[in-house]
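Down below are the structures I want you to see.
Two complexes, one shared chain (chain A), two partners (chain B, chain C).
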Partner chain A sequence: MSQEEKKSFWQNLKEILYGMASHDMSRYALRTRASMEHLFILITMGDMIGIPILPPYYSLRLLPYVVPQISTWKRRLLREKDISDAMF
Partner chain B sequence: MTSLRKIFEEHPERRYIMFGGKGGLGKTTFSAATAYWLAKQGKKVLVFSVDPQASLSDIFQRDIFGKGPVQIMENLWAQEIDADQHIKAYQQEIRQKILDMYGFDRVPDEIEQYIQAASAEPAMEESAIFDAVVDIVVEGKYDYYIYDLVPLGHALYYLSMAKVYDEWITKITRLREEMREYEEMVARLKRQKETEEDQILRELQYIRSRINASSRILTDKEKTAFFFVLVPEEMILIDTQKAAELFARFDVPISGYVVNRVVPRELLNQNIPPYLKNRIEMQEKYLREIERLFGSQVAAYVPELERDVTGLEMIAKLSHIMYGD
Partner chain C sequence: MNTFWIVVLGAIYIYLVYNYYARRIDRDIIQSDPKRATPARMYMDGVDFMPTSRNVLYGYHFKSIAAAGPIVGPITAANIWGWLPSLLWLAIGVSFIGWVSDYTAIMVAVRNDGNSLSAISHRLISPRTRTILFVFIFFYLLLVAGAFMGIMAALMAARPDVPFGIIILGVMGFLGGQMLYRWKMDLIVVTVIIVGVTILAMILGPFGATWNAEKGAWNWVGPINGATVAFNKAIDSITGGQPVMQVVDPTNADPRIPAPGPDGKRPKTALYDPETGLINTMPSYLFWALFLLVFSYLSATLPIWRFAQPVNYIGFWVTFLTIGISAIGALLAPFIKPQVGQFALEPVKTLGFALDPAKPWQPLWPMLFVTIACGSISGWHALFGSVGTARQLEYETDGLPVGGGAMFGENALALLALIAVSIPGSGGGGGRFAAGVGSLLSVLFGDGFRPFGTALGFGVFIVIVLTVTQLIFRVMRVTLSEWVGEAFPALKNMHVSTIVSMVLTMLLVLSGTWVYLWQLFGAANQLMAALSLLIVSVWLKSIKRNPAFALWPMLFMYITTMAATLVTARNLLVTIVPKGGSIAVGGWAMIAIAILLFITALLIGWDGYQAYQRYARGEAKPSAAAAD
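Showing the complex of A and B:
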């Protein structure tokens, strides 16, 4: 077996193991992370949907970093029945 | 030597000087006179106003509003912060950052609306002033910084805001850190390399350091001298006591009380109308009360002057009364 094939064999095995053992975990972690991101935007940019929480002066400082997430965030909050559902 | 002067000479480390009290009692006047005296002593002094209705322009008879530090005389600079101007520049900075970060030609409507709506909030102005003060003080170019403080209620709001902000930021920082842990976990599971640094977290830490810098100065027992301005009248006396308690709760170190508008007692020896006589007697009663309540903490009694204090000549005169020479 050549060196290359061996590597790709190991690579495949690694990916299979990843799929079996931790793909779900990382998916779950990513989902949780996304929920937290939305919670974070809610508490910093709340006044965008009429919930003022952070003093606006400082929320403006954070605004540039969340620009790409704003539209998904709004969509998600509007989809949920209750804001508290979106939080957890 | 006046006891006010003694406080300054015994504590040269107290570089942040504040006069607080109800509106119209003479905070600006005392700030100006103190700045004048310190400048004459060869210290480099900046007197600045955090009040949107600032009156330093009036007392120095120069239009200094929103013009940055303006030199009034040797060693003395005065500054009135223009909150609106500060907010506009700040908004522009945010817009530019968004454009630079994402290579947009223009800020998306949704975002632009938010930027404008946020600036209409009442807390915006206070925060902007707060932030501008940090800029001024952190720079540290002057020997003395004299805050011409806003009336008491605002000053307390200013202080309590610092505490609330700090706690708030601590909470979201924690949330942000937790988010980062998840991100790292995913990276580990997927065997990716290190995740990139969380810029939001860095931004939050920066905000916290700014807020802390400002409230630290206001409550610094070593470097800050806070003087209450009052006049011998019942309502003012009651309010001052209340405010002093509140300030103590926020750990503001009170250096002393300055009693203003004392009608000279010697006038009683002259033939004066009953109106004035009654006023002197009324003041006498409250002066005794002040003596009983604050005693040795009273740093100066300043007489009612024959005219209002505006212009350097009157400021010099008042400074002489307050500090001697």
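Showing the complex of A and C:
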């Protein structure tokens, strides 16, 4: 077994172990963060549709953080969901 | 036969099937293409849809599908029919049906925008199929919860060396959540502390107990097990030592029934009377059932990071270490301790076709095929694969190593369980597994370690079952709220919906016959797999591919599991219902669920058949998303 193959073997093993032990924890953490981000987007939603809710100064400060999230936010929000989505 | 040959046999058929059958199907029928964009890449949202390394995904998928099924199923089946039929079904089932179900459930979701099986059935078969599938899934979950809860409560009540480890698991779960998410401690340090303490607590359970060779039983006089015995007695004194109710298990699989002695007769104990076959349900049994419900209640209602997640994390490491070391023991046993590696169980105990009108009927077909579920084929895998795994697949070509590979991995776990039950052990179900683990660990650590290894085996068994049960109650709570929350607003409250789920589960548990619950769960689980294969067959027909590799397994599983559902309902009617009282209520509840599952599966099957015919005649075209 070459040095590279050995490294790849241990790397693969490490990834499998991570997948078994911690991947679902990472996913839950990401889901929690995504829910928070959705709330954040909701705060600035008014400006997006032309009804200012926050004073424009704060909206303009927040907007750069929100804009990169819009496409993934739309996907998550508009995706068809059913009960089996809540299972895993 | 010995453990070594089982390991060799397993390695050979897994290698041959994966390389010469599964890869061919992947290449020629499904035509997976690494250049085609998967839903994870097309709809990446950084959360649910996220391209993930196939190694990570393999570990994730394997851990999520490997629960109590591959352990309890082979043990129960080997006890009823012998190890040979169990081995054959494990080998043939996984080779031609199991991996097909897991892999295709992932691929059908990948080719359908990462939609769940129910959404795909809505699109491909008919709108009502989705609704019927939800009804099916809820009662399927109820059966899983009932079967698992019954087996755990009986073990906790019957083994005073076990509860301490499980209590510490709960404490470490809380502590782990606090250390990781509040105190932001290093993951490795937290892992060493919480996993180390839990394993130590499980091993220390039998510390100080002495073996009574005359009675062939343990004297529980140690500091931990002695205290547990005293505690159980104190609780039992509430009714003056009298049972709260008496139940029967015609299959003798209840953990409270002792193993037969050298004369072939079962001894009389405080919990079991061999003359009448009655099992005493003591107040301590109800206490431990309540303890497990509280454990699951906390998991279902607290924020997931606070309790459920750290418990799962500890559970994974405890299980992984114990099973990994036991597997090394199994491999080395024929060389180091040949007497441990030899099988004491008969190859074929019975085929079970003889029918006695008043007794339970356990014919090899169809009952073996639902008793061993997850090691050969499982609907749970299909459900999980289509929702959890399919949305993270980076390349289509990863589908086979992840879905098929994890199924073969689970089959290896089932073979290990079969080994554990086939070498000398005592007790039923989990007891056999634990005794097998104790024997295999004694190969590496010496005979003195056997009782501690056995206690660890019990602990691992309960951990595996408990981590799934807590997830199921969480899912049942969500399902109940979503379903009937509009009609009964009270069920929108998570505490109410959790408690309602638990009361329904206890109704099944108190019938006292977990083996029927297990077989009913097995039938529902295999039916779920058959329905998943049905959706795959319809999908393949709709895109003009040869569906034979999924269609024939689907027909076999569909017919077999429908028959098994009816046989189980008949067994309940003949052996449980005539006992009357609360046992009969549980029996009738199970019969009602069996009939409901039968009817829902019949409706889905009919809808699926009609859809298949439509696509075969070319009358219908797949919607855009269902095209290949």
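Operating definition for what follows: the second predicted complex is superposed on the first by the 58 of 88 C-alpha atoms of A that agree within 3 Å, B and C clash if a C-alpha of one lies under 4 Å from a C-alpha of the other, contacts with A are read in each partner's own complex, and residues count from 1 in each chain.
The working rule: a residue touches a chain if its C-beta (ideal position, glycine included) is under 8 Å from a C-beta of that chain, and two chains touch if they have at least 3 such contacts.
This is a predicted model, so every value here is computed, not measured.
In the superposition on chain A, A:Thr72 contacts chain C only, with no contact to chain B.
In the superposed model, A:Leu30 makes contact with both chain B and chain C.
Touch criterion met: A:Pro56 reaches chain B, while chain C stays clear of it. In the superposition on chain A, A:Leu17 makes contact with chain C only, not with chain B.
Once the two complexes are overlaid on the shared chain, A:Leu39 sits against chain B while remaining clear of chain C.
In the superposition on chain A, the residues of chain A touched by chain B in one structure and by chain C in the other are 18, 22, 25, 29-30, 32-33. Of all residues in chain A, only 14, 18, 22, 25-26, 29-30, 32-33, 36-37, 39-40, 43-45, 47-48, 52, 54-68, 70-71 touch chain B in the complex they form. Across the interface of their complex, chain A is touched by residues 43-50, 52-53, 55-64, 115-119, 130, 134, 137, 187, 304-305, 309, 312-313, 316-317, 320, 383-384, 386-388, 475, 478-479, 482-483 of chain C. Considering their complex, residues 90-91, 94, 97-98, 101-102, 108, 110-111, 114-115, 117-119, 121, 123-124, 127-128, 130-131, 161, 165, 168-169, 172, 175-176, 178-179, 182-183, 185-186, 189-191, 199-200, 203-204, 206-207 of chain B touch chain A. Those residues of chain A lying in contact with chain C across their complex are 12, 15-25, 27-34, 72, 75-76, 79-80, 82-88.
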